[in-house]
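Structure incoming, see below.
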Amino acid sequence: MNGFLSKLTILLFVVAAVVPAQSATAGNSKNTVTMSLTGEPPDLNSMRATDTQSGFVLGHIMQGLTSRDKTGKIVPGVAESWKLDATTATFKLRKNAKWSDGKPVTAHDFVFAWQTVVDPATASQYAFILYPIKNAEAINTNKDGKKASDLGVKAVDDYTLEVAFDKPCAYFLSLAAFSTYYPVRKDFYLAQDGGKKFAADAKNLIFNGPFKLDVWEHGSKMKMTKNEFYWNKETIKMDVIDIPYFIIDAKARYNLYKDKKIDMVGLDSETFKESIKDSFKANRFADGSVFYLEFNHRPERVTRNIKLREAIRSIYNAKEVVDKVIALPGNEPAYTLFPKWLRGVGRSFRQEYPVKSHKVDFTQAKKLLEEAKKELGLTQLPPIWFLVDDGAAPKRQAEYVQGQLKKHLGLDMNIDIQTFKQRLSKMSSGDFDIVAAGWGPDYDDPMTFADLFTSWNENNRGKYANPEYDKVINEAMTTIDAKKRMDAMGKAQDILIRDVVILPQYERGIVYLQNQKLKGVVRSVVGADPNFIFASVE
Amino acid sequence: MSVETTKTQFSPSDFTAASRKDSLQQLSRPSLSYWEDVWIRFKKNRQATVSLCVVVFLLAFSFLGPFIWIVEPSQQNLNRISEGPSLGRMALVVDESSDEQTIEDPSFLYLPEHDNPNIGAPEKFEIIGTPSTLGVEIHWTPVEGAAGYLIYRSEKVSENLEAISDNGVVIKEITSGNEIGFVDRFDIQPRNYWYAIVAKSIDTTSTQYKIVSAKVVRAIGIEAAQTESKNLVKVGEMIKMSVHPLGTDYLGRDMLARLMYGGRISLIIGIFVPLIYILFGTLYGGLSGYLGGRVDNIMMRICDIVATMPYLLVVIILYILLGGHVGARSVFALMVAMTSTFWPGTARLIRGQVLQIREEGYVQASKLLGSSTIFIILRHMIPNTMGLILVNLTFAVPTSIFSEAFLAFIGMGVKPPFASWGTLCEEGVKTMSSSPHELFWPAVFICVTTLAFNLLGDGLRDATDSKMRSRE
Amino acid sequence: MLSFIFRRMVSAVVTILALATLIFFAMHAAPGDPLLESKASSPEIRANLLKHYGLDKPLIVQYGLFMSNVFLKWDFGISYSQKNRRVNDIIRDHFPVSAILGLLAIVMATVGGILFGALTALFRNRLPDRVIMMLVIFGISVPNFVFAAWGQYWFTVLNAWAGWTVIPVAGWGTFHEMIAPAVFLEVGTLAYLTRLMRSSMLEVVTTDYIRTAKAKGLSPLRIFFSHQLRNAILPIITTLGVALAAITTGGFVIENLFAIPGLGRYFVQAVQQLDYTVIMGTGVFYGAYLIIMVQIVDVIYGFVDPRIRVSK
């Protein structure tokens, strides 16, 4: 027994010694920000990355032709000047833009990157964002025998890039700041095992942005430090961006913030209440995404009937959902697909094309339901299938809708809870009546939302098909006259509301806590968020 | 008859004939069947009887309770979210105002022409009407050159803007210059709130502000009040709101009703799953043990393979496969998943027991007398393993309930509209610090049930265990 | 003895193969599509992706490839969601974390169970016995994840009140951070083992050989350590296999609650994201690990208790 105990104690000490002792204190250098991501970026290959975590990291370690200033406006990036018209764009690159190994960033790097993106062999899910470029779509979809080298982009010389367009693209400068458009140097790429190991680890990447990726331990941590070769490095005050945690649980992250182990944390409704109790100053910002209930417009579904959709809209109280069901300040009830932050011709899109908030009307709803039943030729409607992600907030919203449908319209509703991928799969196969969905902007122009419901868009999983809508969007796509474009999209907005294509729920706002010493952090709707390029620690 | 101690010679006259008795010996205690004996010994065990009573109570609570407490568990009431347990609260009846959030004054500009770098604060900033849990209506006078306003709210005493913004949050960001009022409905509790308003121009945010405080009373809309009361209610009256003895959940549903209906699901899963798999395990093990030889070997091999499969993995996979994500099917999926992983334990146990009994004298005798296999199994094997089966069953129930709770916790529980104690726990954990009662009650029920069945099992085992019997 | 071990190993191998097959077909039969992202792609891009991941081949071929890759080359493939990580690397990086946590928990539970169980037997029906049994009752009836969530909350309160991190509630890396999760992980097992030890000790006390030892005049302490303890430990060893399984599965929730980068967390995440390769890889790995451990425990028990060897 004694021998056993002593052996045990030794074992425990061995265990303690073997596991490396690391403590995540907030930073060694003064200008350090420590944070946790909600998950490890799955892919730091800028040509394939699709999610916000990767976007955040890439936005700090890379830079495209254009960049954004701290108000979100487009400013020169690698390109110092440009000319843009309906058919072409010419970019003049600055001569002092360098990669982190000292070599200059040239126009060839952009050509190589963009060609690789549209190459079908790369299987990039974001290839579609390059489609405004001439031949991009044809190359990517293997049409007309076009190869990657046929892409309408050319390096006239080392520092001049010429782009040809399929269709006029008024927002191309905004696209050029997006991660899929970042440069990739061909020789370095091929040196990574013929490209197979590119971006697999920190050592398989080179950087032309304000920071470089120093540490990347899969599954546990990442660290970015100031890039000495960045052409604008004098303006960068932050030295280190330390990410010692990848934690999805909001409570765990909140506890870390409370313990002063991280400098920023996003709140959910529960941790928000705790932060009030703990007297933390909460900040809010609208992250630009819109959440809505998408109806299934396929011919075999009851939701194809417009009167039914109008009835459902009449019992749905967006304000109640935002205030009581989701219970997080920062969310704003939405009555249209186009969020408030979008710019119109001169002012915001919302100001130029205003929308009336919809009123709840139970008696009207019942009348509409009766009309719907008549039109559908049914005396009793089958249970409505409501598809939703598994998570606390989506589930609550589903239960709310279930309760409302039963109480005011006497309709039964089945809640179909699926994991994210399964939900997407069911959406694609049309296995739902209503689905809780959302859309985050890729670039700052209303078109990123407007083309969602065209009949040719793969993301239009409800399969709403209206030639009138398609025509209006086409109008917007084939001109760069600002007024004509915005008017067309204003008309699109009217159609979406009139036809109750979707039932908008809310524009998402994030509530978060931030270490008071951290200054100059920019929250962005498109691009890297949060953005530390203009930040410093006081 | 006097006793003569020294008499050693006996003659026939010293003896009288004994009377004829039908029974040769008087039994010292009445003849008991096996089960009567078990019951007596069980009753003596106080712990066990108490837990039996608890179990009966829980069953009554879940299955008969809803007939006494007639409240719809799925009835949502968004005005009574996450209320703590209480025996009745008073509320002020108010006119259910329109659910407008902001109030506009069209005589002002939506957006000013230029930025006003010296933008001031609104002259008046006041609460209109009685601030209540249905909404706090705030009005202000618009400021020249305003493009919007920021409205802060804090729950702590605040005399200046810094205090409010440090302790609170921007509850509303108004983005047009012609809005002059706002109704705050965000998570209003009956307490004091402090509001601050700061005007914003196109680029500048004002450095001046105004503060107002509001003491919120609990209120109920007149329509809702009318449905809850038999008499005619008037605006301005105080009435007693409907009672939720255990509080409400995040959608305002009654916790007591949810616990009752949740109990039905938990207990059905907790009792049926063991019943099914023990039945199956018993038949499987019994057959295997009795038949012996090659058949036994093969059957036990299969049993072993299923037994060593990691239970959680199999359950997760089966759950996904059977489409456990939809309400009705989730209960079925869970039950199938759990039964298919638990039966090998019972099969092994019963088989061991059967192997033992097989060699007993009375079984051999019965076989000699020509009984068929089925008869022997039914008449001899099963009754003699009954004790073991029963004990196993009682221990299996808490394991099942526990497992169901665990699976619910990782997201593989029953889905709405069904709820079980496990899913209630899972939802309760999320709001643990702000509304602990949502976690407390389901957790208590699970613990009490687990404990009761465990102790019941202990008691049954003591009562039926032959080793203990002989030790009396 | 050798044939016993051999039979056990064969049984283990067959089970692992069966498990791998079950997982493979279950994954492919489950609804959902691992290649879908929120931004949809054209059918051509989808076709490219299918080819890239080898999902366009017939199912039987995929099965064959999977089995041969796993069992001949020990290669589980590349994760679908983390496109640059091989599943082998994921297992290699994260399994040690779970293993250490599990090991710590088992050690705590076993040592604690033996200790507390012996104490209750020693001080039967006196105060220590009653107190420990009360705690045992809590340990058995409160689900360990509820306990953990609740405990976590109180630890943050403690930390805030003390001003420094007395007990960390998130993260992993130092021994300090391992305490809380390990404690919560083993609570249920500890209670169970204590109870088991107690009843085992009590059973042993009435046996003939103990009576003989007492009659022989051995000191109570000597009897306790040399006879009672040694024999009473046997049932504990049998249940170690079960305890191991319980702790490994309980690990999933604890890992999530305490933000520990263990394999269990990855498995649950992979299931949610339909990351085929990770599900299959970790599933087979975990399964194999458990199966082998259980067999090892059985063998150890066979060594310790000769009766088992003979009967099987």
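Letters are used for the chains, namely A, B and C, taken in the order the chains are written, and counting of residues starts over at 1 for each.
Methods note: contacts are C-beta pairs under 8 Å (C-beta built on N, C-alpha and C of every residue); 3 or more make two chains touch, one makes a residue touch a chain.
Predicted model only: the values in this text are computed from it and were never measured.
*Asks:* Looking at C-alpha means, what's the farthest chain from chain C?
*Replies:* If we average the C-alpha coordinates per chain, A ends up farthest from chain C.
*Asks:* Does A-C or B-C have the larger number of C-beta pairs in contact?
*Replies:* A-C
*Asks:* I'd like the Å distance between the centres of chain A and chain C, where a centre is the mean of that chain's Cα atoms.
*Replies:* Centre-to-centre distance between chain A and chain C: 38 Å.
*Asks:* Centroid from C-alpha atoms only, then distance chain B to chain C, rounded to Å. What do you get?
*Replies:* Chain B and chain C have C-alpha centres separated by 26 Å.
*Asks:* What residues in chain A touch two or more of the other chains?
*Replies:* Only 390, 418, 422 qualify.
*Asks:* At which residue positions does chain C touch at least two other chains?
*Replies:* Where chain C meets two or more other chains at a single residue, that happens at 31, 256, 271-272.
*Asks:* Going by the contact rule already set, what residues in chain B reach two or more other chains?
*Replies:* As it turns out, chain B has residues touching two or more other chains at 411, 432-433.
*Asks:* Any idea which chain A residues touch chain B in the complex?
*Replies:* 270, 272-274, 276-277, 279, 281-284, 317, 319-320, 323-325, 327, 329, 333, 340, 347, 351, 360, 390, 392, 395-396, 398-400, 402-403, 406-407, 414-418, 422, 511
*Asks:* Quick one: which bits of chain B touch chain A in the complex? Just the residue numbers, please.
*Replies:* 74-76, 78-79, 81, 99, 101, 110-111, 155-156, 165-173, 175-176, 185-187, 250-251, 325-327, 411, 415-417, 427, 430-434
*Asks:* Could you please specify the touching residues of chain A with respect to chain C in the complex?
*Replies:* Counting only chain A, the residues touching chain C are 1, 8, 11-12, 15-16, 19-24, 40, 42-45, 48, 50, 120-121, 123-128, 140-142, 197, 199-201, 218-220, 244-247, 249, 251-253, 255-256, 258-259, 261, 278, 390, 418-422, 424-426, 428, 442, 457-459, 461.
*Asks:* Please name which positions on chain C make contact with chain B in the complex.
*Replies:* 11-12, 14-15, 18-19, 22-23, 26-27, 29-31, 137-138, 140-143, 145-146, 149-150, 153, 245, 248-250, 252-253, 256, 268, 271-272, 283, 286-287, 290-291, 294-295
*Asks:* Sort out for me which residues of chain C touch chain A in the complex.
*Replies:* 31-34, 36-42, 44-45, 48-49, 52, 81-85, 89-90, 93-94, 100, 103-104, 107, 111, 152, 156, 159-160, 165, 168-171, 173-175, 178, 225, 229, 256-259, 261, 266, 271-274
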